[in-house]
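Two complexes, one shared chain (subunit A), two partners (subunit B, subunit C).
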Partner chain A sequence: MASNVFDRRRINGPQRSVEPLYTAKAAEPFANGRLDGRALDQVRPIFIKTGPLDAQSPSASAPSGSAYYEQGKIRVSCAIYGPRQGRQSNARMGSFDCDFKYAPFSCSWRLSHIKSSDEKEIALMLEHAIGPAIRLEAYPKASIDAFVTVIESDGKAATIAAAINCISAALADAGIELYDSVAACSMSMYGTQWVSDCSQAEENASTCSLLVSRMPSVDEITYLLQHGKTTPEMTTQAIQACSNDCTRVYAVICRYLQATLE
Partner chain B sequence: MSNTIAATASVTVTPGRRLGVAQEHEAGSGTYVRNGIIYSSILGTRVISDSSSNNESSAGPKATITVERSNTKFAIPAIGSEILGRVVRMNPRAASVAIMMVGTTPCQEDFQGVVRVQDIRATEKDLVQMIDSFRPGDIVRAEVISLGDQRSYYLATVKNEHGVVFAQSADGNSMVPVSWEEMQDPKTLAVEKRKCAKTF
Partner chain C sequence: MEIDEQPQRMDVAARIVTPGTAITSDTAFMRGHGTFAEHDTIYSSVAGVVERINKLVSVRPLKQRYSGEIGDIIVGRITEVASKRWRVDVNSRQDGVLLLSSINLPGGIQRRKSESDELQMRSFFAEGDLVFAEVQSYFADGALSLHTRSIQYGKLRNGTLVTAFPQLVPRSRSHFHILPCGVDVVLGVNGYIWVSKHVPASTVEANAELIYSDKNESISDDEREVIARVANCIQLLNRLYVKITDTSIIFAYEASLAHAAKDLLTRDVATELAHNVMTRLEQQQA
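Our next item is the complex of A and B:
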């Protein structure tokens, strides 16, 4: 019964009552193969577009390079500013800084506009993953800044991998000197089976996740992140399989980059 | 994807592609050398410049492999490069310059440079007056002599072709250089002292 009078002597319930929303029960992730029909070692299809944020005419506020990256439902965009004057100017090498932000609408729960500690931690991860690939000694005293925004997220490890790939494409678009493009891929363990590139539903059902980022031409792993507990043999096996996935992702990134020049 | 590319016409390369062997080619811009192999470092087209064929011996000059990029890359100042900048602030010992261009390439954001009073002229360095050499708002051409300190690059206008290239007089008119140390306002005919660049 709606009433505008507030009864001070009793504990009042809410003035209005609304029926709660029930979401449909999600399908079991690995009940009959994967939800989207992929093989266990198949990575989601990738789409890359470079230069969406570049200005039509050169202006100081436009980024030097940018990229938009899609992998399945994951959408990430990255802008590169630099090389520009750095705050801590090291005479021998430049510095690489990364800024990472989930858009408030990107995850299943609404996030705040203020950067959380999780996002700051991921920004550091991205710096460690991409930093070794940049020829910083070619940019003394300068700083290269990457700003990553996740527009839609689907699987935490997979989204970080997508961010790494997006930054690689944006750096190539900006003309920053690199040793090699960095390609990243993630895997999750379900039971005793490693499954490549898991979506959020599959990751929620898994016990462990692994992220590998790699530079295939120089055959170096730049970053390795594992969440969860496994035996060393399982981790070694997963690193091997994930590295192969990284090489495949690298081929896709290179094909898109080459297509931009043709 | 890391096979050496056959020497054909323009090929698009991504960073990290093998371009050649350091023994047979020189590594030009846009490439780096690792373990004797030349790799590309940017996204661009591979260009093999013909080596000058004067020397027929096996120790003759090698062809240079460069990777070129069609759209402009932003520049950063390097030691020895010529820059174009705007005088922002001055004090009797140094003039702050906002570096806008390095050579013919613009900078994405202005870099900070400083011209110290002893780097303005080659001769009679102790008699130089900052107020007779630059004014805030002047456009100057200078050379980067050092990576400098925490905040600024060190610049010098010692050479004849370096110095003020464009300045406005106190009345707001563009001035014309009349000698290496004077500029004249063509409308009011007032003469102001600047360290002018020899542009001809």
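Our next item is the complex of A and C:
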């Protein structure tokens, strides 16, 4: 009789158990070249448009600058508000604040509309990456706010890089004084091979990723982010390669900005 | 204006640059707005067109925020009532300040503002009110100090606000215009433009309480449509980057009469009207 008593205090497992299915390890993604046929150091094609969020109707709440940025499947939009009256009224320097949000439908899994800690962390990264480029001493007591929305993401590091590029374009659109436009690019490592600007599928199979954001014309790195394990030599090599990619992305942004002014 | 002969200096002006572009390493130049200097080289800090006046090199961006000058006529919105002052959003880097001591009392009474005036500041201007004011001076931190010590300045009512690029509204002798279509327009050089029903100045002068009145007068449907049409005309001039003056507004208004007021902002109509206005402005200048 005792054996039939249902024990409520313990977690009762099922009577019969089944061994889990192990998926096969992802195949080496570069056996037949990359998934989308790019070269290993090739960045996905970029599309930029400034001013998409500018209000068509008169309103004081319209952003002072905005940009829309595509890189392959990644789509990011950014709105800049300010320079406007800041919160601290006795600051010598202006302040730059960033807000980052994945749209609920932007990843392959559904995200909450509530801001996650991950998004807060990325917002902080963006502030660190873009902050050094803004001439905040030219804007005492003012605050500049950037609101970034990811409409579609494809590779986490690449999406952050795209967000940085998008903010750069939007800041230039807003006419905010900058030391230089910031351009960013990411890379992932497979074995001992670094590959530029990886998509989500490629990133899943990688062992390490690196993000570099840089001001090319003053030749300064503003932010560096590495996940995973490498050797110092490999990292140095990747920073160099990423910097070159940044310069290429920078050229695209500058060419676009010049074209809008003509 | 002297023009240098050296080719290296000549190529400085009329160039389109992006932030961080080296403009010149010639130490003879002085750096102006939109530039910064490092290691004897002048770099641009905004995306725009390089301009040179004698030795001063500056970069003019397409969009810029309003930076005030003393004597500017502006339209602002009250954002906060503080002690003895109002904070005013003037479309600038910082909020402007309107001191209690720099407003007119109803009836134009001249006296020092007392504590009782301080207690009833909201009866003059409350949060959200639009003010028509003049820049009186700067504060030490660059914030603008405004004043409304004239019968024509004060609270705005009976109309609608249009926001335009500040650089499109030139400083001129008069910023308050009574258009022939029976609409008053206040062109704030900060880019805020107020379009309202025409009220003769004599009615305001006759009734001192009207200066700080919150009540709209009765506005008929026809008047509303004219106001909307003028507001849309200003908006289309702004969208197509045409200077906003009383003349350009009148030209746009006259050209717009062929269309319904609500259709003015569709792309085709707006482009057509803006080109029409530009050709008429050129003809007038020639």
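Operating definition for what follows: the second predicted complex is superposed on the first by the 227 of 262 C-alpha atoms of A that agree within 3 Å, B and C clash if a C-alpha of one lies under 4 Å from a C-alpha of the other, contacts with A are read in each partner's own complex, and residues count from 1 in each chain.
Convention: a contact is a pair of C-beta atoms (placed from the backbone, for glycine too) under 8 Å apart; a residue touches a chain by one contact, two chains touch by 3 or more.
Since this is a predicted model, take the numbers as computed values, not measurements.
**Student:** So if we stack both complexes on subunit A, do subunit B and subunit C clash, or do they fit?
**Tutor:** They clash.
**Student:** Figure out whether A:Y81 sits in contact with subunit B (first) or subunit C (second), or with both, or with neither.
**Tutor:** First partner only.
**Student:** Of the two partner chains, subunit B (first) and subunit C (second), which one does A:R135 touch, if any: first, second, both, or neither?
**Tutor:** Touch partners of A:R135: subunit B and subunit C.
**Student:** Using the superposition on chain A described above, determine whether A:V218 touches subunit B (first), subunit C (second), both, or neither.
**Tutor:** Touch status of A:V218: both partners.
**Student:** Classify the contacts of A:Q258 with the two partner chains as first (subunit B alone), second (subunit C alone), both, or neither.
**Tutor:** Both subunit B and subunit C are touched by A:Q258.
**Student:** Applying the touch criterion given at the start, work out whether A:T231 contacts subunit B, subunit C, both or neither, answering first, second, both or neither.
**Tutor:** Neither partner.
**Student:** Could you tell me if A:D180 is touching subunit B, subunit C, both of them or neither one (first, second, both, neither)?
**Tutor:** both
**Student:** Once the structures are superposed on A, label A:S112 by its partner contacts, choosing first (subunit B), second (subunit C), both or neither.
**Tutor:** Neither: A:S112 stays clear of subunit B and subunit C.
**Student:** After the superposition on A, what does A:A172 contact: first (subunit B), second (subunit C), both or neither?
**Tutor:** After superposing on A, A:A172 lies in contact with both subunit B and subunit C.
**Student:** Run through 81-89, 171-179 or 225-233 for subunit C and report the one that clashes with subunit B in the overlay.
**Tutor:** Only 81-89 shows clashing C-alpha atoms.
**Student:** Would you please give the residues of subunit A that touch subunit B in one complex and also touch subunit C in the other complex?
**Tutor:** Shared contact residues on subunit A: 58, 60, 64, 82-85, 135, 139-142, 172-181, 215-218, 253-254, 257-258, 260-262.
**Student:** Touching subunit C in the complex: which residues of subunit A?
**Tutor:** Residues 56-60, 62, 64-65, 82-85, 133, 135, 138-142, 172-181, 215-218, 253-254, 257-258, 260-262 of subunit A touch subunit C in their complex.
**Student:** Which positions of subunit B touch subunit A when the two form their complex?
**Tutor:** Subunit B reaches subunit A through residues 1-2, 12-18, 30, 32, 34, 39, 41-45, 69-74, 76, 78, 106-112, 147-148, 150-151, 153.
**Student:** Under the stated contact criterion, what part of subunit C meets subunit A in this complex?
**Tutor:** It comes out as residues 16-22, 34, 36, 38, 43, 45-49, 61-65, 77, 79, 87, 89, 91, 93-95, 141-143, 161-164, 231, 235, 239, 265.
**Student:** Applying the document's contact rule, which stretches of subunit A touch subunit B when the two form their complex?
**Tutor:** 58, 60, 64, 81-85, 88-89, 91, 135, 139-142, 172-181, 215-218, 250-251, 253-254, 257-258, 260-262
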